[in-house]
Amino acid sequence: MNSVLKALALKSPGDMARLGVILALFGLILFGALRYENFLSQYNILSFLRYNSMFALIALGMAFVIMTGGIDLSVGGTAAMASVVAALLSPYHWAAGLFGGIAAGLAVGALNGFTVTVMRIQPFIATLATMLAAYGTGLLLAGNQSVSVSYDSGFTAIGQDDFLGFPIPAWIALLVYVAGWLVLERLPVGRHVLAIGDGEATAALMGLKVRRTLAAVYVGSGALAGLAGVILASQFGAGQPTEGVGWELFAIASVVVGGTLLTGGSGSVGATLAGALLLAMVFNILNFENGLGWISLSAYWQSVIRGGFLLIVVVLQARLMSRRTGEERV
Amino acid sequence: ELPKLAQKETYKVGFAQTESNNPWRIAQTNSMKAEAEKLGHQLVYTDAAGSAAKQVADVNSMIAQGVDLIFLAPREEKPLIPAVMAAKKAGIPVILLDRSVDPSLAKAGEDYVTFIGSDFIEEGKRIAEWLVKNANGKSKIIELEGTTGSSPANDRKKGFDETIKAAGGFEIVASQSGDFARDKGRQVAEALLQAHPDADIVYAHNDEMAIGAIAAIEAAGKVPGKDVLVLSIDGGKEAVQAVIDGKIAAVVECNPRFGPKAFETMLRYAKGEKIDPMVINEDKFYDSSNAAAELANAY
Amino acid sequence: MTTIETQATAGTVPSGKRFFTLAGRYGTVAAFLALILFNVVFTPNFLSLQTLNVNLTQVATIVIVAIGMTLVIATGGIDLSVGSLMAIGGALAPMIFMGTLFPVSSMPVAVALAFVLPVVATGLLGLFNGLLVTRFAIQPIIATLVLFIAGRGIAQVMTNGNLQVFRNEGFQFIALGRVAGIPAQVILMIAIAAIAWAGIRYTVFGRQVIAVGGNEKAARLTGIPVHRVKLLVYMISGALAGVAGLIVVARNSASDANLVGLGMELDAIAAVAVGGTLLTGGRANIVGTVIGALVIQLVRYTLLANGVPDAAALIVKAALILLAVFIQQRAGKS
Amino acid sequence: MLLSMQGICKSFNGIPALRSASLEVGEAEVMALVGQNGAGKSTLIKILTGAYRRDEGAIVFAGEDVSFSMPAESQARGIATIYQEINLAPQRSVAENIYLSREPRRFGLIDRAAMREGAAAVLRAFNLEIDVDQPVAGFSAATRQMVAIARAVTQKARLVIMDEPTSSLDEREVGILFDTIRTLKRGGVSVVFIGHRLEELYRVCDRVTIMRDGKTVTTAAMADMPKLALVRHMLGKELAAFEAIAKDADEGAQRPVRLSVRNAGAGVRVRDVSLTVREGEISGLAGLLGSGRTETANLIFGADRLQRGEIRYNGEARAYRQPADAIADGIGLVAEDRKVDGIIPDMSIRENMTLALLPKLARAGIVDRARQDEIVERYITALAIKCTSPDQPIKELSGGNQQKVLLGRWLCTDPKLLIVDEPTRGIDIGAKSEILRLLRRLADEGLGVLMISSELEELLAAADRVTVLSDGTSVAVLPRKKLSEAALFAAMAHQVE
């Protein structure tokens, strides 16, 4: 066992947890494929990817924030507000909707960056406040109701069309993840993000530009939430000021299930994606389970099962991590 | 055009529910489940937990599972269009329940079979019309809105406010959201009654908030029904009982018992009958004149 | 040991620093007084006993939950499950005295049980949170996220999602009763706050809570039973959430598992933060938390009473939270 | 003149830490900076690098007025700093830590191979063969210190500042460091060297600047400043000679054994350790870095679990599962790394000092404040802790004073066995002999002391007997009579070759 792990170059406890989540994802897919017909149908796979690309995007932004030891609770509100902005701008040009939405997210991210690095308010509280503000702004802009996007400017293609047989949102998420991997693993700033998560004061003494890097990470998270909002508006044909509730918790859970510690200083882009897909898969499986007709699960049981699943995953993760650290010590 | 529904003994039907965090939704779900069970259909039930986006994903997973027909209780008018269109493309007929989708983007008889439901604007209008007739000199209104941004809140406000304005002589002194919840409704009512002691009418967008408001009125040392008229929408048993007790002045029913009508419509469609673009679920109206008699029938 | 930010602020603008020191020490209090002044001037009918009554009864549940939260946060944790635990506590109580759970022979006994059992149950669920945090070394946000998601589901499954409507004078005394003219829930709130305040200040347990949050490793090496302290803290938080759940359902004569305590975790955390307890642990300011909760309540009341639309109210609330925490923090540092 | 700092003032919360301090460093000069704990050395350095902002004063570096607002700026201008608390990112690898903020790049991407090879090469020059891909957290304090030094010297700086770089190094490593300093000097680089071990200063420094109470007292050529004069300047008074306070172990041979460890082992760091501590003696534990001393202490204290062998306390077999058990038996441990294992930064001196005693200070769970105050006052006076009040947060104290508070934490529990791991690390020479004398006095009253130290001088002066560890194994026990620097070296080098 040990030599196998060595061969896989699994050095840190985090690596082990990351391997765990990927195995769990495949396990769940296998379970679904064997248990339900049509689970691996093209239709299910593509609509799954189209829908969950939004969550994958916010999870990536969240992963970077968490790697610095912070947290971003505002992503759901930001996405909702950005979807409204995108919808309002979509009649002018599809690009106006796209970039307008991203810019809206960016603005919230910048506000987060400001409150965290300049006002020095703890990320949890700072982003909790901006979450409220983002929802408020979205509702005000939208006049308390969904805003229809323009179907003429080509804006809906972003969320609804395919490219080379794959949904465009899935392409976007894929590209963003590749970029995210590059930033984290191959660019100095990625290393700086991790070092800051290891200890802000230390990082500053080592000559890192802590504030600038932190601000950039929050802006990035905001921009990705904005992008998710654009996809939301485009895919469902409306800017939705009340959407996005609980997205932040989904994203945080994805990151953690992906083996990233909330204390910062470590993290993986690939495992975050696996974590997001794993959690999303649970919804999909529950829907199929209902369709099987054996048991008609009520919505309440669904949340109990989801909570239970999260419990199992994180307990296993924690076991893996501690077993591995144990070995390290011995 | 519209996908056809083959005639079969029993069907595998999907029911995409919006949420189940209030008694009304629960009654609706139970009604659907009970009727499906009675008729022997297999019901694929999903709950979107208040998210229009998730509801679309739910419908997609029903399509992937190959259901025969989908009952959709759309959370919102616009964002559910993609779900309706996807089902149509997959050859699965859709029947909308209790809320409709944007008529400029999808049409009954073309994109979906029909819309069975209630008209939220109409509900607001009906309660307002009753008030105009029965105000007895009362005129200052506190409005407890539903969840900000939700369509029943928007529509019940619209129907009510417009009718009241047209009638003249009334003033809405405060209008705030109580989230369709009893506790929140009570807290908001407490604050508003305190700030506007002259208010003598409370219009709540649902029963839960109305009952919360009654507690607030009593706590403020006033008598509901005498000092302050309480108006509500939904018409559940507890509210109808309150009408009998004189605490709620009037309530418009918004009937959640969709099951029978929904499955009846489905079978008629399968037989090839022509279905009207809109099937109205009959809503009652309760005030002191009929509440006692109707209590047994309230949901 | 070296906090860079300290230095950045210290010694730049002495007069500004003094302002922040003052504003911070009395900042939350000042904000509170400013809010009251604003209301006296602008809010119709503000100066009345009933206003006080409304605000105190409404803030009671936030305060009670926020005190548990303060303790958890002092150990460097966080408890997202409080809202769901409120729902469970609130769902259990009526099931007990209405006899849904087991037959009731004597009402007084049933009512007594309806007070005790739900609180014990939520306390045990809090203990479960604590176990996840200690034995399984799961990070608090995630550990309590499990019950945040599943807990409400459990309450809904127990009640099948249905509303439980009841009338029970004995049980509802906790929310409707008055002692010497003061609402029972307000007395309960004050009592819990006072015990927590004294506990943090004067007891070994209180000091250990702070030490665990300040440096867990060092705390263990001085013989502090770190795990036990944490377990207890999560248990207290759970039990207090249960108490708050009882108050809410008693007040409404109805228990709605879907909505009781919804969003309470955010209110409680905001109260703690506005009250000046850092989320990083190692501190617990109970008085601050109480005032923080009062500020949040008063902001809510002010916005409602002055007819600020909901959407705009969200933005105002956000700005006020940021401002309050900012002033607190600046002062805490200099 | 490369650097000139004049009239630097700095207050924390209105309490002055620096009152008009100055420091001048010439080109290619090694400047010693000395002073008692809390004299303001580290603060002066942090003001120079931009970690702190000064209240008053002027800094000229390389001919220009400068005012750095963050360390990144001073680093960019050619000032490399090793801070007193080793500042590395614990979860990042050794290589990344060495190159953080100036990673070698190719096409804008990090050149990982170059980084790895470069890091390995510098460390090899330091005689350190380690896997540079491992996170630094797994390495000993000494290795981390060497990594920090490597990071500083590879920065191609004009001025390298070292704040107590040798406090966790052994003799051999100190030698390597001093060679490095000489090489730097030959290359025209200047060095500011802060340290408490005076003889080290005489080995490498050209000049010395002495600080006292936030002021610069004097600056002189090292050669012109005899040790006694230096200490007099530091303390502002004469120092009683550093007398030998150890006793002959034979004298106490009949005393009851307080602690006996037989063939104890756990994991790979502690393989086979045997040692004895008698009532009323100071038993030393020596060894090279990484020889397993700290881990042995943790094992005895119950912070780690014993896997092999046995530990007897007062004759009874013990296997503590957690420190609380050991504490209940009357054992205390002053940990090696006070930042990580010792202080609760935000708590006051009072709280920090009485933390271990708390349960005993309480009746029905409520702390007896009067007794608490009395005890804290007593130890603040006894240990000469420099603070504004017992309510001051411990994080505001200088390193040495923090150490004294931690010592007080255990002394006030009235322990029967006290394990002190590097008890005088970072403590100035005045306080150092105070602490040793205090330990001796307590031993005379019956306390058993197990003293881990990397300073041979200290062991020679204070220990009644020394057990030597090498590679997790106890290789020798040297009684007082046979104790000498040479003997210790010989034993420590055993198996290490």
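Letters A, B, C and D name the chains as they come in the text, with residue numbers starting at 1 for each one.
We take it that a residue touches a chain if its C-beta (ideal position, glycine included) is under 8 Å from a C-beta of that chain, and two chains touch if they have at least 3 such contacts.
It should be emphasised that the depicted structure is a prediction, and the values quoted were computed from it without experimental measurement.
Engineer: Could you see whether B-C or A-C has the larger number of C-beta contact pairs?
Structural biologist: Counting C-beta pairs in contact, A-C comes out ahead.
Engineer: Using C-alpha centroids, which chain lies at the maximum separation from chain A?
Structural biologist: D
Engineer: Could you put a whole-Å number on the gap between the CA centroids of chain B and chain D?
Structural biologist: Here the centre of chain D sits 71 Å away from the centre of chain B.
Engineer: Report the inter-centroid distance (CA atoms only) between chain A and chain B in whole Å.
Structural biologist: 34
Engineer: Once you find the CA centre of chain A and the CA centre of chain C, what distance in Å lies between them?
Structural biologist: One centre to the other, that is 29 Å.
Engineer: Would you mind listing the residues of chain C that make contact with two or more other chains?
Structural biologist: If we look for residues of chain C contacting two or more partner chains, we find 2-4, 156, 161, 310-311.
Engineer: Show the residues in chain D shared as contacts by 2 or more other chains, in ascending order.
Structural biologist: Touching at least two other chains: 51, 70, 83.
Engineer: If I count partner chains per residue in chain A, which residues reach a count of at least 2?
Structural biologist: 139, 144, 201, 204-205, 210, 298-300, 302
Engineer: Looking at the whole structure, which two-chain pairs count as touching?
Structural biologist: Applying the touch rule to all chain pairs gives A-B, A-C, A-D, B-C, C-D.
Engineer: Can you list the chain D residues touching chain C in their complex?
Structural biologist: My answer: residues 10-13, 46, 51-55, 70, 83, 85, 301, 303, 322-324, 326-328, 333, 335, 339-347, 351, 355-356, 358-359, 361-362, 365-367, 369, 395, 409.
Engineer: Which part of chain A faces chain D closely enough to touch in the complex?
Structural biologist: These residues of chain A touch chain D: 11-12, 182, 186-188, 191-192, 194-195, 197-199, 201-210, 265-266, 328-330.
Engineer: Which of the residues in chain C end up touching chain B in this complex?
Structural biologist: 43-46, 48, 50-51, 53-54, 58, 156, 161-163, 165, 248, 251-254, 256, 258-260, 262, 300-301, 304-307, 310-311
Engineer: Quick check: in the complex, which residue numbers of chain A touch chain C?
Structural biologist: Listed in rising order, the residues are 71, 115, 119-122, 124-126, 128-133, 135-137, 139-140, 144, 200-201, 204-205, 210, 249, 252-253, 256, 261-263, 298-304, 306-308, 310-311, 314-315, 318-319, 321-322.
Engineer: Contact residues on chain B for chain A in the complex?
Structural biologist: It comes out as residues 12, 14, 17, 19-20, 33, 42-47, 49-54, 56-58, 60-67, 76-82, 86, 90, 102, 105, 147-151, 153-154.
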